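Which chain is which? They are A, B, C, D and E, in the order written, and residues in each are numbered from 1.
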Amino acid sequence: MSQFAVPWREKPEPSHGFVSSFIVALAKGIYAIATPIVTRFPGSILLSAVVASCFLVWAHALLFSYVDTAVLERAAEVGAANPNAFGYFSPSTWGLPPSVIGTLLAGDAAVEGQSPGLLSYLLWPVQFGFTRDMIAFGAIFAWFNIVPVYVIWWERKVAGRIQSRLGPMRVGGWHGWAQSPADGIKLVLKEDFIPDAADSILFRAAPYFAIIPSALAFVALPFGVTYIFREVDVALVFILAMLGIEVMSVILGGWASNNKWSVYGGMREACQMVAYEIPMGMALLVPVVCVGSLSLKYIGEVQADGWFSWLAFRNPFAFVAFVTYFIASLASCKRAPFDLPEAESELVAGFLTEYSGFRWALFFFAEYAAMFVVGGLATIMFLGGWNSPIPSDWGAGLGESIWAKGLKGILFSGPIWFILKCVFFLFLQLWVRWTLPRIRLDQVLYACVQVLLPLTMVLLFGTTLWVWASESGNATWDVIASIVSKVLGIVGLAFGFGFVAIAGYGFYHRRRLVGNLVIDPLPGS
Amino acid sequence: MAETTFESTPDLLLDHDRVEQGDLQTEELLVNMGPQHPSTHGVLRIVLRTDGEMVLEAEPHIGYLHRCAEKIGESVQPYQYIPYTDRMDYIAGMNNNQAFAIAIERLCGVEVPERAKRIRVIMAELNRIASHLVALGTYGLDMGAFTPFTWCFREREMILDLFEAACGARLTYSYITVGGVHDDLPDGWVERCEEFLDFFEPKIVDYNNLLSFNHIFVKRTATVGVITAEDALAFGLTGAALRATGVRWDLRKVTPYDGYEDYDFDIPIGQDGGIDGVPRGVVTGDCWSRYYVRILEMTQSVRIMRQALKRLEEGPIEAKKVKGIKLPADEVYVEIENPRGQLGFYVQGDGSAIPARVKARGPSFCNLAITSHTCRDILLADVPAIIGSLDVVLGEVDR
Amino acid sequence: MSLLVLLTASSAFGAPSDATGAAAPGSVLEAVLFYIVAGGVVVSALGVCIAQNIVRMAVWLFTALASVAVMYFLLAANFIGAIQLIVYAGGTLILLVFGVMLTSKSPWIRFEAPKLELVAATVVCVGLFLSLCTLLGRAAWESVDEATAGTSIATIGRALITEYLVPFEMAGVVLMIVMVGAAHMARQEK
Amino acid sequence: MGQYTYEILLACGVLSPLVSFWLLVFAGPKLGKPAAGWVAVVLGMGVPLVLATIVLIGWLGETEGGRAALTAGAYRGTWAYIGTIPVTVGVKLDSLTVAMFFMVTLIAFLIFVFSIGYMKGHSDEVAGKSKYHRFFAYLSLFGFSMLGLVLSSSLLFLFIFWELVGLCSYLLIGYYFDKGFASAAAMKAFITNRVGDFGFLIGLMLVFMHLGTLDLDEAATVFAQQYAAGTGIFASHFTLFGWSLATIMGVGLFCGAMGKSAQFPLHVWLPDAMAGPTPVSALIHAATMVAAGVYLVARVYRLMTPEALAFVALIGCLTLTLMALIAIVQVDIKKCLAYSTLSQLGYMIFAMGCGAWIAALFHLITHAFFKAMLFLCSGQVIEGCHHEQDMRKMGGLMKKMPVTGITFLVGVLAIAGTGIPIPGAEIAGRKIGLGGFFSKDEILAVAYVRAFEWDDISKHEEHGEAHGAGHTAAPEPEGSRAMLVADRTQAEHHDEHQPAAAAHGAQSTHDSHGGADRAAIFKDMKKLPSWMFYLAIFTAYVTPFYMMRCWWMTFMGKPRDQHVYDHAHETPLMYVPLVVLAIGTFVSSYFLFRPLIEDASHSATSAAMVLATDGELGTEAIHAAHGWLRWYVGGAFLVGFIVAIAIYRNGLGLAEQLKKVFLPIHTILWNKYYFDEVYDVVWVKGCVLVAHIARFFDTYFIDLLVNLSAAVTERIAAFSGLVIDNHGIDGIVNGIAKTSIDIGGVARAPQTGRIRNYVLFATAVATVVVVCVLAFGMDSGSGAATVASSVAP
Amino acid sequence: MLSIGLTHYLVVAAVLLCTGLFTIMTKRNAIGILIGVELLLNAANVNLVAFDRFREGGLFDGQIMALFIIVLAAAEAAIAVGICINVYKNLATVDVDSARQLQG
C-alpha cells in the first residue's frame, strides 16, 4: 500500500541521489567553511552586519528619494494631478524609462543620450507602488522576525548578567548568539500537542490572534520620515487598537486550553487590560494634545530640533506622562512586574500552560514584537522618534551633495536612531523585569485605576492648559515655557547620563566568577 | 423543547450536583494547586475553593513523598539511620543529623568531645544559612522576582563547597554522627570559612536592597497571611514562623544543646513596621516578618560561627565506641532548633542495638497545618506568598 | 495566513494623502481588496450564525468586527476604522468574552433552539436578504460613481464639539451612567 | 492694565477656591484638622480677596467712560455651539460685579476665618473618620460657585453656578448628616430649590428659544428690540394665568430667585437650613447665596415685563411682611435671624419689583454685612453657650461676651435702620446713619413713588419721549427726585461721551437702541397698589422690634439658665471677623458700594427702568414734601426699640402675658402660618392620597366586579348543574371547550414570551412587506426615485 | 463588478443585518443574542459610513453617527453583560428560556 503514498521511493532515480548527496556535501562544505569564521569572528560579523544594514537603509532612502523626485517632476511635466501618476501596478504605462532615471542620477551635468547605467535599470521598478510595498513588506516581515529572536537572546544575556551568571554561551560560538534560532528550530520540531479536552480550533487559532495584530502594528509604525509602510493619519489609534486586540489571543488561549490555570491567566489579562489601557491611551494623548495630530509621522517630524524639542521635555506634564506611559506599557506587554497572566509561581504558566512548540513560539514572537512596538511608540511620542538629539539645522552647512545627504541621514535622523532608542526601551523593560517582583492583581487595578488614571487625567488637563497658554502668544509665557523645557531637558539628560554611568560602572566592575573563593572541590587531605 | 445538552464532558469545571446542593456557589471554582505546581516547593497539593481571584478556602493534601522514614529507623542501627535523616529535610541535612545524633547520645549517655561540638555548631549554623538562602531565593521566585534566587544560590553554592570539602557531599551529608562528627575538618577549611563569612555578610545588605525593602515586595507580603501569637502557639508553629509573631522562643537559648549556651547571639523576632528600618505597613506575624526574621537569623548565624571558629581547638572529634552500641530500655525525646523550627526525635530502646521506636516531629509538617487557617478569603496570589513564607520542605512533611 | 492578512489590511488604508500607492478609488486593487474583505465579513457573519459554541460565536464576531474595520479603511474612514478596532474589537468584544466566560460552565455546554424555529429563521432571513438585494439592485443612486475624499480627523473632532455638542455630551452622560450602573449590577452582594 | 486684566484677575479669583476644593478633597484627610482650614482660608478665599481688592482699587480708579469701555469690551469666548447658536463663556464686568465680588470675598474670607475657630470645638467625626476637611472643601466649592455666579456673563453659566451653589448649600446644611434633622433639612432645601429651579429652567429655555442667545447683554438687546417690534416672544399668543409668554419668561426666571432667595411660597427651607453649622448660615443662608436670587433678578431685570415686575413686587411684599411677623415669636436665636433674613430678602425683592434696582442691590450689600455679622455673633453665642440656641435660656450674656454683645448690637442697629433723620444732622454732607438706614429708606421712598406718584411720572416720561430719545432731562414731578437713571445715562452718553460710546462698538450701540426700547417698556409699568407700600412701612416698624427683642433676650437682663451662663465664653480667633464686619457695617458701605451700584445701573441695566432716589438728596426731597413720611420711616427704629425694651426689660414675664392675650395670633405665627403642615398635607399626603384612591378603586371596584361575576357564575353553575342534564350538555360543552382550547393554542403559539420569536415574526412581516413592495407597489423606476431621494442631498 | 460602488457595501451590510437577525432568532444564550445585536449595529454602521463616503460633498455626518453608535454599543454591551451575570448568579444559567419567573 505504501508504494502509493511515496512513489518516488519505489524507483529511486540516480539524479535524486546525486542531488541529495550534493546538497549534503554543499551543506557540509558551507558548515566547514562557515563554522570557524562564524565562531571566531562573530563580533565582527555582527558589527559589519549592523553597519551594512545601516548602509542599506541609508542607500535605500537616498535612491528612493531620487526616484521619487524623478516621478514627481515627470508627473508635473505630464500634468497629472495625482502624484502617484504611474499607478500601483501601472497597467497603462510603463513609467519612466530607465534613461530618465539615469539622467537624474547623474545630475544636471549628465550628457543627453548617454546610455543608462545598470543602477538605472535596477531602480526602474522602484517607481511603482507595488514594488515598494513588496520591498517594505519584506523589510517589515524580516524585522518582525528578527526582533523577537534577538531580543529573546539578548534578554537571556541581560538576565544572566543581572543574576551573576553568563546566560547562553554555547550555541553558535560567540556568547551563544545562535541560541534563539536554535530554540526556534527546536520548538518547530516539537510535538504538536493539543490537550484532549481543549477546544482544538480555538486552541489553534489563539496564537494567530496574537501574532497578526502585533505584526500589523508594524504597518503603521514609522521608522523614519520615509520609512513607513503605510502612512496612516490615525496611526496612533491604530497601533493602540492592535495592542488591545492582542488581549483577545490571551483570553482565547486561556479559555480554549480548558485548564483552570489558563482560564485564570486569560481572565487576569482581561482585567489588567481594562485597567491599563485607559491610562496608557490617556498618557499618549498628552503629546497628541501638544502636537495636535494622531499621525505618528507628523508627531515625529515636529521633534526634529534636537534634544529640547522632544516632546517629553516640552512641558512638565508630558514628562510625567512619559513615565506613566512606560509603566502602563509594561502592563500592555504583560511584562514584569505586570506579568500576571502568565505568573509562573501562581498560575503555573497562566494562559500558556497547555501551549508548547510552535504555538508557544508564536505567542512569544507576538510578545516581543509588541515590546518593540510599545518602545517605538514611546520613542515617537516622547523621545524624538527617529531624530537625533542634535538639532537638524546644524547640518545646513554640509551642503546638498549625495555624501552630505548621506551623512545628514545618519547624523540627524533615520531609522538607526529610532532603533537605538527602541533598543534602549527594550533594555529598560528587561531591566525592570529581572529586578522587580510581581504585583498582585488588586494592586495592579489599584495602581492603574486609582493612581495612573487620575494622574493622567490631571496631566491631560494640565497639558491642555499649557498648550492653550503657549498658543496665546504671550511673550512672557514663552520665556517661562522655554525655561521649563530646558530644565526638563537637562533633567532628562541627567537621567540619560545616569543610565550610561550606571551601565558603565556595572560593565567596568563586571565579575563573572567569584574568584578565589571557589574552593577546590576535593576533600582536603 | 431542547434541553441543556452536555456534549463530551470530559472535565466539567464545576460539577452540577454541587451547584444544585448549594455547596458551591455559581461563581466558585475548585482548583488543584499542585502536586505539580511551581510554587508549592515540592509535591504539596492544595485544594483551593476560589471565587474569581479570591481564595475562600485552602486545604493542603500531603503524602506524595512518603518513604516510611520512621519505620526504617526501627530496623537499622542508629549510625546506619543517620543517612536517612538527611533525606527528610534535604535542605538542612546537617541539622537533621544533629537532632538524631543528640537523641541517641542522650539515650545512651554518650559524651561528645568539645571539638566535635564546635564543629557541629559551625556546620549547623552554616546549614542554617544555606537553608535560609534557599528559602529567600525561592520566596523571591514565588513573588515573581527571579534574580534573588540566583543570588542566594550563588552564596549557597559556596557553602555547599565548604560542606563538600568537609564531608564529600553537597546535599546529604551524614556528617554529624552519633558521638561527634565522622571526619575532621580539612586543612585550611577554617580560613576558607572565615573568608566566606567576610564575603557573605555584606551580601545580606544586597538581598535587603534587592528584595526585602523593595516596595512591590513589601506590598505583596506585608499584612498578608497574618498569624497572631495565640494562633501560632495553638497550631504548634515553631521556628521563624513562630518568632515572626513576636514570640521570643528559640531552643538554642531555651534548652541549649551542643554548647550553644557558650555563644553570644540574639533571637530576632517580628515587629510592626515603622521602626528599626522595618517598612511601614508591616504587621507582626505577616509574611514579610517571617521572611525578614530569616534574614536577621542569618546575621546571627554568622555571629555564632565567628565565635565558634575562634574557639575551635584541637582535640578528638568522635566519642569512643559508638558503633554497635546497645540502646538501653528507655525512651528519650529531644528537640533542637532546625532552620525551619523545632525538629524533635523520639527514640525508644529495648536493649538491642536497634531502636524499638523512632518518631520524628517535623517542623514543616507542623507549620504546614496552619495553611488552611491562614489561607481564607485571600487572593490567589497570596497563597504562594503564605506557603513560601512558611518555608516547608515536603520531604520532611511526608517523611 | 498572517501574510495575507498583513497584506490585505495594510493595503486597505485609504489615507487621502497617501502617495505610496494605496488602493486608489476605482482601481482594480480596490475591487480585489473589497472582495477579500467583504468575503471576510460574510464568512465571519455566517460563522456567528452557525456556530453553536458561544465562545466560537464571539470569535467569529471578532473577525467580523475586524473585517468591518478594514472595510472602513477601504471607505477612507480611517478614524472610524481605528475606533472600531480599539473600542469595538478591543473593548466591547473583550467585555463580551468576559461575560461569556463568567457565565458558562464549560465550553461544551450549549442550548439549541427548536428545529422549527431554525427552519423558520433561515427562510425568513434568506428571504429578507434576497428581497433587500433586489431592492438594492433596482435602486438607482445618485452620485454613487464618484467617491469623495476621506474626512480628516480634525473635521470630525471639530464637529463633535460644535454641531454635535449635545449628542456628544449626552453620550458622555450615558457612558457615565452605564459605568455606575454596570458596576452596581455586577458588584458582589456581600 | 492690559487687555482682559480684570477678567484674568477675577477668573483667577474664581479658580483659586476650586484649586483649594480639589486639594482638600484629595489631600484633606492628610492635612488634618487646623491645616485643612487654613488651606481654605488662604487659597479658598484669601487669594480671591486680594485679587478682588486689587480689582476694586483699579476699578475705582477708572473713569466712568473707561468703565463703560471695559464693560463693553469684556471677554467673551465661544465655548461651543448648540446647533448654530454659540454658547459664550465670558466675564460680566461692571461695577456691580466688582462690588459683589468684593463683598462676597470679604465676607466669605472673614467667615472662613471664623469657621476655623467655630469648628475647633465641634466634633467632626462620623464613623471614626474626620470630616473636618470636607467642611472646608465644601466651603471652597461654595466660594468657587458663588464667585462664578457673580462673574458669569451667560445665563447658561449662571444657571450652572446657580445649581452648584445649591449643591453646596445642600452639602453644608447636611454637614451634620448623622443627625437626622440636618439631613432632612438639607433635603428640604434641595427639593424646595428644585421647584424654583424648574421655573428658572423654563425661563432659560424660553430665553434660548425666543431670544436665541444666552448671553445676558445680547438677550436684553434682543428682548428690547422684540418688544419694540412686537416680534419674537411678543408675537406669541400663548397665555397662562393671563400672562403673556414674555411675562412667563420673566416670572420663570424669577422663580429661580424665589427658590434661592426663599421667597414667600418657597420660603420654608431657609429656617430649617439653620441646622447647618453657623458659619454656613452666615455665609450662605444670610449673606451671599440667598442674595443670589436678588442678584439674578438684577441681572435679568432687562428681560422682565411690567407684569412680571408686578409679580415680583407682590411676592417681595408678602414675604417681607409675613416673615417679619414670624420673627417676632421665634425663640431660637438662629431661627429669629433666619426669619429676619427672609424679611430683608423680601425687601430686596420688593424693591426690585418696584423698580428700585439700585436700592435693592444696595440693601443686598449692606444686609450682607450686618446679617453675616449677626449670624457670626449668634454662632459665637451658640458656641459659647455650649450649643444652646434657645434665647429663653440665655440673657445677661453681655458680661460674659462683651465683644459679641456690642457687635451684635451694631448689627441690630444697622438692620433696624438707625440714623438721624433730622435735616441738618450731617457729616461731610452725608447723613449720619448705619447701612440699613439708607438702603431701606431708599426702598421705601421708591415704593412711595410707585404707589402714589407713578401716574405723573410715567405721563411725564411720555412727554419726554415725544421730545426725542436721549434728551430727557431728569424729570422732577412734584418735588420727587425719582428719576430714570437709564435715560439720564443715555443723555450723558449721547451728549458727552458720544465718541467714546461709538468707539465701544456694537455693544454699546445696541445698548442705546435697547435703551430707547426699554423706555417703552418702562412706560407700561402700572401703579403699585398702595397697601404694598403700607405693608412695607409697617414692617419697617416690626423689624427693629424683633431685632431688639432678640438682642435684649440674649445679652441683657438676668441670666435665665445658670448652666448656660456659666459656660459662656468667647473664642479669641472669632473676634477678628466680627470686629471687621462691625466696622464694615459702621461705615455702612455707603461711600463705597452705593456709588458703585449706581454706576452699575448705567451699564448693567443700561436702559432699564431704574428708579432711584439720589441718595440723601432724594430722601430729603421726599421728606420735604411729605414730612410725615420722614418721621414715620426715619423714626421707626426708635419706636420698635422702645417697645421691645419695654416688653423684655424685666425678663420674659410681660412677654408671656402678652402671649396669652394674643394667643390665636401667636399660635399662627408660632406655627409659621402652618406652611409646613399645609405642604405636608397638599404635596406629601396628596401623593399618598392619590395612591390610596387608586388602591381603593382597585380593592372595592375591580375586586367587586370580579367577586360579583364569580358569585354570579357560581350561581349559574349551580343552577345549570342542577337543572340541565350534565350528560346532555356535556357533549356540546366539551366540544366547544376543546375547540376554544385549540383556537387558544393556535392563537397562543406566537405569544411565546421569547424575544427571538418576536424578532422572527417582525422580520417575517418586514420581509413580506418588502417583497410586496417589490412585487406590486412600484415599478422599478419610481422605486429607485423614492429611495434615491432619501439619499440625495 | 470591478467598480466598487455604494451598492456593494450595502449588500455587505444586508448580509450583516440578516445574519444578525438570524443570530437573535436562533440563539438561546443571552450573550449569543447580544452578539446578534452587535452584528445588527455593525450593519447600520457600514450603511452609514458607506452613504457618507458616496454622498456628494464629502460630509462627515455618517461617520459621526457611526462613532456614536460604536460608543453606545459599548455602553449597551456593558449593561447587557452586567444583566447576564446577574441572571447567571440567580439562575445558574444564561439560557433565556429559563428566565421565565415573570411568565404566568
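What we mean here is this: a contact is a pair of C-beta atoms (placed from the backbone, for glycine too) under 8 Å apart; a residue touches a chain by one contact, two chains touch by 3 or more.
All values reported here derive from a predicted model rather than from experimental measurement.
Across every pairing of chains, the maximum count of C-beta contacts belongs to C-E. When each chain is reduced to the average of its Cα atoms, B sits farthest from chain D. Chain centres here are C-alpha means, and the one lying farthest from chain C is B. Between chain A and chain E, the centres computed from C-alpha atoms are 36 Å apart.
One simple way to say how far apart two chains are is to compare their mean CA positions; for chain B and chain D this gives 75 Å. Between chain C and chain D the centroid-to-centroid distance comes to 52 Å (mean Cα coordinates, whole Å). Chain C and chain E, compared by their mean Cα positions, are separated by 9 Å. Contact of a single residue of chain C with at least two other chains is seen at positions 28, 79, 83, 91, 93, 98, 102, 110-113, 117, 120-121, 124-125, 128, 132, 139, 141-143. Touching of two or more other chains is recorded for residues 756-757, 760, 763, 791-792 of chain D. Contact of a single residue of chain B with at least two other chains is seen at positions 1-2, 4, 13, 27. Within the complex formed with chain B, the chain A residues making contact are 159, 162-165, 196-197, 258, 260-261, 263-264, 267-268, 336-337, 339-340, 343-348, 434-443, 514, 517-525. If you check the complex, the residues on chain B that touch chain A are 10-11, 13, 29, 31-32, 37-39, 52-53, 140-147, 149-151, 154, 158, 161-162, 164-168, 183, 185-189, 192, 195-196, 199, 210-211, 214, 216-217, 219-220, 379-384. Residues 80-83, 756-757, 760, 763-764, 766-767, 770-771, 773-774, 780, 783-785, 787-788, 791-792 of chain D are the ones that touch chain C when the two sit in their complex.
Interface of chain C with chain A (complex): residues 1-3, 5-7, 9-11, 13, 15-24, 27-29, 53, 55-56, 59, 62, 66, 78-79, 81-83, 85-86, 89-91, 93-94, 97-98, 101, 107, 152-153.
The residues of chain C lying in touch with chain E in their complex are 26, 28, 30-31, 34, 38, 41-42, 45-46, 48-49, 54, 57-58, 61, 64-65, 68, 71-72, 75-77, 79-80, 83-84, 87-88, 91-93, 95-96, 98-100, 102-104, 110-113, 117-118, 120-122, 124-126, 128-129, 132-133, 136-137, 139, 141-149, 151, 155-156, 159-160, 164, 167, 171, 174-175, 178-179, 181-182, 185-186, 189.
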